[in-house]
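Listed after this line are the structures, all set down as structure tokens.
Note that chain A is present in both complexes that follow, paired respectively with chain B and with chain C.
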Partner chain A sequence: MQLFMQQIVNGLMLGGMFTLISIGLSLMFGIMKVANFAYGALYMLGGYAAYWASSLLGVPNWFAILVAFAATFLLGVIIEKFGFARFRGNEEATLIFGLGVALIARGGAVLAWGSQSRFFPVSFNAYHIGGIVLPAARFWAAVASVVIVICVYLIVNRTKWGRIIRAVSDNPERASLAGFNTQLQYLLTAGLATGLTGVAAVLLIPVFSLSPAVDDSALYTAMTVVILGGLGSISGCIVGGFILGIVTAIAFGYLPSPIAPAVPLLVLILTLAFKPEGLFGSRDRVV
Partner chain B sequence: MTKTRNMTRRGFLGTSGQIIAGISITATVGGIAFRAEAEPKDFLMADGKIGFGTILPLSGGFTVVSQPWIHAIKYAIEEQNAAGGVKIGDKSYLIENPVGDEQYSAQGGLTAARKLMADNVHYSGGYVSVEAPAAVQGINQQQDHLMVLGITGKDLCLTDNKLRFYEYALAQATGPYMAEYAYSVLGRRKIGSIELANTWGADFYFSFAKTFEALGGKMVARGYLQPNQTDFSAQISDMVSQGVDALYIIMGDGPASAVALQARSGGLGTDVPILAQGAWGPEMYLDAQGKATMDGAVYPGVVAYTEWSDKHKQLNDKLYADTKLYLNNWFWHGYDPTKIVLWAMEEAQSLDPKNVVAAIPAVVEKRAAELMIKASGAIQTADKGVFLKIPMTIGRFNANADFANEPALVAVTEEKYVGFPGWMPEKWEGYTANPADGSVNWYPTMDELVALRA
Partner chain C sequence: MSETIPAPRTYLNIDRLAISALALVLLGAPLALSNTYQLNVLVLMAVNAILATGLAIVIRADRLSLAQASFGGVGGYTTGILTTAHGVPFWLALPVGGLLAAMIGILLGLISLRLRGFYFAIATFTFSQLAIVILRAWTPVTGGMSGMFGLPYPAGFLGFDFSDPRQYYYLVLAALFLVVLIYGACSFATSFGRGLTLLGEDEVLATTLGVPATRYRLVAFALSSGIGGIGGAFSAHFIQGVSPSDIAPVVSVFILVMVLAGGTKTLVGPILGAIILTMVPELLRASAQWSMVFYGVFLLLYVYFFRDGLLPIVKSVFHRATGQRFVPGPSAREAALIAAVAEGRPTALQISDETPIIAFEDVGCQFGSLKVLQGLNWQVRTGCINGLIGPNGAGKTTFFNVLTGVASVAEGLVRWHGRPVSPVPGEMVRRGMSRTFQHARVFDNTSVAEAILLAAELSRREVPLGQLGWLLRFFELEGVALKRGRALSHYERRLTSIAMAMASMPELLLLDEPLAGLDDTETQRLSDMIARLHKITGTTILLIEHKLSEVMELCAILTVLDDGRIIAAGTPKQVSTNEAVIEAYLGNE
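Let's turn to the complex of A and B:
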């Protein structure tokens, strides 16, 4: 029973982190209707920005988070301005552009920084509660993830700017006629969404490590969570993240190892087969 | 009006027979003619050079593994070219080294190999995955293409393939030594393991587990990992709950670093030693996390990995300048084995891979003193190619070493585990049997291995 509880706790912590990885992708899809296949690469680049800021400049971790956010915010703005904005409405071109950016980013990262794994210095401390082990880095990453995701939810749903970007998402022409600069809102949304990937990278690298190859796993995780929760739904992203985290932990904890990696994919397939709009999704949902 | 002719059954068979006979005679005569002038120009690339290709991941995972290997092959070829190339008769041929992207996949390896073969390249080294060489082995003999590879796993390297030069240690030979060291020297009794889910991982697991359990130890919480897996918390929790006293990681670099990190923070403290297989290089210890999690890990390396000389320094400096990486096991997969193949061309006085592979045992014996990996010969099998006799040493990783001036792997002090045979004895049935044959003892224990060597 104790092992089962441990696996549930593992799953909850993992779920929090999965949610954070996914939130930017969900936001981009919800507001901008863009399936950003460069998302994993941006996560990776944000991680490197923070890593080099931390290891070369010796800045503290909290400052590294700001560096990562700023760097990926800027990247997001550039990619939106010179890529997605030009292809808006053309899904195939958007998809190919995203994949192209991802390939270039990964190849460039290998050439520039090598392909070895890198870590942020982190404590190996763990909290022990009734026999349950809570690794400190993982626990705080999960807590921070949940806090950040709640903040994003509040920004989008409870602030004036949130109302503006939802209006732009709902009907860009009408928002434009109402005097909103839709291009600026798209740029800001893209910046925020990709900036969040940078923050996710800083929080999760101490747990998962950083290398040019992490882009794939970040993209797959984010896609699975977003599809499971419902494309563009922040609430769905939270629930989807936790479901995927718990399913993953239980699968790896109890099922024969060769089968376990397939279980999260099975969840994705079942979702697509029986509830393609996701748990919280609807055809016209705006975050 | 068109004139038609009805063909009877007899007529059809007769005509067909004549055509088939004609084709057969033409092919036979052509074959004889081809053989008669097959040496050596038919094995050269369009520019008149010998093609020795490299097939390793340039994209996807494991590029950190492939970079030292790619450069090791390149350096060996550069040295041979600097010495005038390969001398066949009164002519010398320079060597060209095209590199193909394995992509750590069967399709990637196959595509890269086909490209090399189309360019009349008859030799290739590398292959870091199991899937890519397994796929290439389906066509290499038809194409007169010698594969130089060193990834273990009975379903990969013990299948039939006469044009294979296996250049590294077999899991069956190293596993028992690792297990005995863990049990007898480290005093471990309950080991948790996590392995790459393929024949490479399985062979390292079983070759270790059979001896460890025969000695009285217990293997628990056997887990698997995928190359792109990032979270291992479930497996680590399982090991913690079962009270393992050592962790056996059958995998290298990125995922292994993550396993070690998550083990240390998930309840397996530094009193639980790590036993390792796979691509463990100094780059894993360059930051504080690596030093804290993996220092002292037990690892079987080639002898050259535990030594240091002027030549080590020269190669290390060159590799670092090119890749920002240091010497590791994977470098030694490429450097000496490539030289062996090039020397075997001269030994055979032929560029035909069939002649070259046959000359490898002789050339290894003749030029053993020139090999940094201290190979002591090679085993010629009937149908499975040639296997290098390469000695291995169990070492402990020194995460605080000055990697530019000393080896990261420090040989253990117990003599038995230094320079032990990394090959299986010649009379081992694995060299002749089908890997699917369940009646074969594919994973002998240490006692059985000793008896086989007697």
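Let's turn to the complex of A and C:
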């Protein structure tokens, strides 16, 4: 029982972090209808931006977050402007473009910074509540994740700008006739979506470490969460993130360690097999 | 408008030329090289060509797989384990590896092939991650992250010694030759291949014409993965080892890049891609990281500049340099059809059976909770042009979709010649019912003549060539017979789509707004054609159309649909004076 409760708590923390990793991908799917295969690479680049900002320039952590956000925001805008915008509606070209960017980023990162893992200096403090251990780094990363995800949810669903981007997403032509600059809205959304991956990277590097190879795991984690929740649904992304977090934590708690990593992958494969539209998505976009 | 058929003399078959040149280079290459390192690269290249050609099979069917290297791994590990731990000879282990890869491909395909492209790509990507986890978890057998070493060379026979890289190269080349033959069978040489190709061009249209999409894709994926397994085995036993890094997702992406570079339109495209993308990083002496960047840049160049592969660019450069133009002449099939135009004559249907060809009993159809059709009792009048009219949103297209099996029947019964059936798209064509679409759908990369031939072939109904020749003449399409779908005008597309639907000699032809988007002259010409087509062939026609004056003129009997129900039926005259119909069209004041 003690182990079970511990793994549930771990799962909740992991779930918050998984949601944060995925929220940008979810926005890109939902608002821009783009399947971004470069997502993991952008996450990795955001992590390096923050890492170098804090270790070379010695800036404080909150400032490193801003640096990462700004850097990935800019990357997102560039990729949207010169890539996704040109291939809108052409799924194959979008997919291949993303793969190309990911390869360049991955290869370039190894060339520039080497392939070793890097760590942020973090505190190894832990809180103890009734026999359950909460490592401080994980705990605060999870709390920050939840706060950020709630902010994104509120921005998209409760603000004027959120209404505009949803209108653009719903029917770009009509939004454009209504006087909105759809190109600009797409650029801003792309910037925000990838900017959030940068923020996610900063918050999660202390937990997961950083190397050029994190792009694959970030990509399939985000894909799993987003597909499980249903493409483009932010609430789906939150639910998907927590389900994956708890499933992963339980798997690592109870299964032999070599087999446990297969469980999150099986979650995705089984979702694709039996409910490809996810928990909150509609089926007609899938088949 | 008319285009003369190029005479054979001015026509140089570049593909045949390219294949011959390539074969010479591939066969001669080891003789020109002496250094072992270069020979090793050559073998690697031939293995990549096998993997890429295998992958191209499933890409032709419009599914991008990101797991080809993993299937290679299945083959490599299987033969590796069997030969080292169990002493099985390589030549026995090889087919086992290929079959196992094909079976895993079928399993993965059953889950994911019905999904659209992006989801399929994700499913294969996840599979390749899963494969690595399994290898790591199964360390006692697979060697975990460090992999397996000391795999034996294949036993020599007939005096061959495969520990010599030159001889190993020829062995892989022989395998590549067989793989290319399979690839040919999957692209144009067999009915299966032609169906698969059309599936890649337009899934909805191909399915309507009778291609069993799921089954064909599954077979394609099984072949593709099986070939991957064979390629992987050859690779593992050449470098005498296999490890998880050989099957990383990024390696699968590399193979994908090779296929895209060469293009899937020609037989040797994937091989060319494998040559270029194996050789260039080697020539540049690029490190693994630089190769990765190189492949990435190549992918970007691909999406920006050459989405049809490099071959068309090569052709245009050749054209500019020599002034030689490569006008593709008619294929033997196209030529045969064009020759049949002159003596082509229609085969009139024998209508012996007076029972309605198709009928609805209390049919309902719903999407979620929305009832689109309800309580429909209806039958087609055999030997007539039947009309189906109604305001927008009345459910007319859904009516067609139920008939053809695209939408499923929620309640009630569909009867075909009196017997209850549950319509499935491909099967309805075989029974003798074909359809056109509101947006004139044709195959963009297929010539008009070829499209008509394929429509007849895929229906698996015995249609004489004379009938097809006659169709070409009847629809005045001889002049554009060799034009591809994308080069046709809207009117020509419309005619081609009806000719394709007629190519299976259907008892019942469904036309979904055939006159939409045509100008007055074209409308007049096409509605005359429909009337004559009906008179000459005796085909029963069911027509959805918004141009009411043409409907009144063409149809012997009309059914009026509103809000998912039949509100009136009868002759055009009866219907046009019906109160309910007038109300539905004009609204009640």
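Here is the rule we use: the second predicted complex is superposed on the first by the 278 of 287 C-alpha atoms of A that agree within 3 Å, B and C clash if a C-alpha of one lies under 4 Å from a C-alpha of the other, contacts with A are read in each partner's own complex, and residues count from 1 in each chain.
Please note the rule applied: a contact is a pair of C-beta atoms (placed from the backbone, for glycine too) under 8 Å apart; a residue touches a chain by one contact, two chains touch by 3 or more.
Please read these numbers as outputs of a predicted model, since none were measured by experiment.
Colleague: Looking at the superposed three-chain arrangement on chain A, would you call chain B and chain C a clash or a fit?
Modeller: Once both complexes are aligned on chain A, chain B and chain C clash.
Colleague: Kindly classify A:G253 by the partners it touches after superposition: chain B alone (first), chain C alone (second), both, or neither?
Modeller: A:G253: touches chain B, not chain C.
Colleague: Once the structures are superposed on A, label A:P261 by its partner contacts, choosing first (chain B), second (chain C), both or neither.
Modeller: both
Colleague: Give one of first, second, both or neither to describe whether A:A137 is in contact with chain B, with chain C, with both, or with none.
Modeller: So A:A137 only meets chain B here.
Colleague: Is A:I227 contacted by the first partner chain B, the second partner chain C, both or neither?
Modeller: second
Colleague: Look at A:L95 in the shared chain and tell me whether it touches chain B only, chain C only, both, or neither; answer first, second, both or neither.
Modeller: Second partner only.
Colleague: On the A-aligned overlay, A:G107 touches which partner chain: chain B = first, chain C = second, or both, or neither?
Modeller: both
Colleague: So, does A:L184 touch the first partner chain B, the second partner chain C, both, or neither?
Modeller: Neither partner.
Colleague: Give one of first, second, both or neither to describe whether A:Q116 is in contact with chain B, with chain C, with both, or with none.
Modeller: The answer is first: A:Q116 touches chain B but not chain C.
Colleague: A:S211 in the overlay: touching chain B, chain C, both, or neither? Say first, second, both or neither.
Modeller: First partner only, chain B.
Colleague: For chain B, which of the listed stretches 98-106, 260-268 or 440-448 runs into chain C?
Modeller: Between chain B and chain C, the clashing stretch is 98-106.
Colleague: Following superposition on chain A, which residues of chain A contact chain B and also contact chain C?
Modeller: The answer is residues 106-107, 110, 216, 258, 261 of chain A.
Colleague: Sort out for me which residues of chain A touch chain B in the complex.
Modeller: Residue list for chain A touching chain B: 2-3, 6-7, 10, 13-14, 55, 106-107, 110, 114-122, 124-126, 133, 135-138, 206-209, 211-214, 216-217, 248-253, 257-258, 260-261.
Colleague: Can you check the complex and tell me which residues of chain B touch chain A?
Modeller: That would be residues 59-64, 67, 197, 222-224, 226, 228-235, 237-238, 240-241, 253-254, 257-258, 261-262, 264-267, 281, 283-284, 286-290, 292-293, 323-325 of chain B.
Colleague: Hey, which residues of chain A end up touching chain C in the complex?
Modeller: Touching chain C from chain A are residues 35, 37, 86-87, 91-93, 95-97, 99-108, 110-111, 216, 219-220, 223-224, 227, 256, 258-259, 261-262, 265-266, 268-269, 272-273, 276, 285-287.
Colleague: Touching chain A in the complex: which residues of chain C?
Modeller: 64, 111-112, 114-119, 121-123, 125-127, 129-130, 133-134, 136-137, 139, 249-250, 253, 256, 260, 289-300, 302-304, 307
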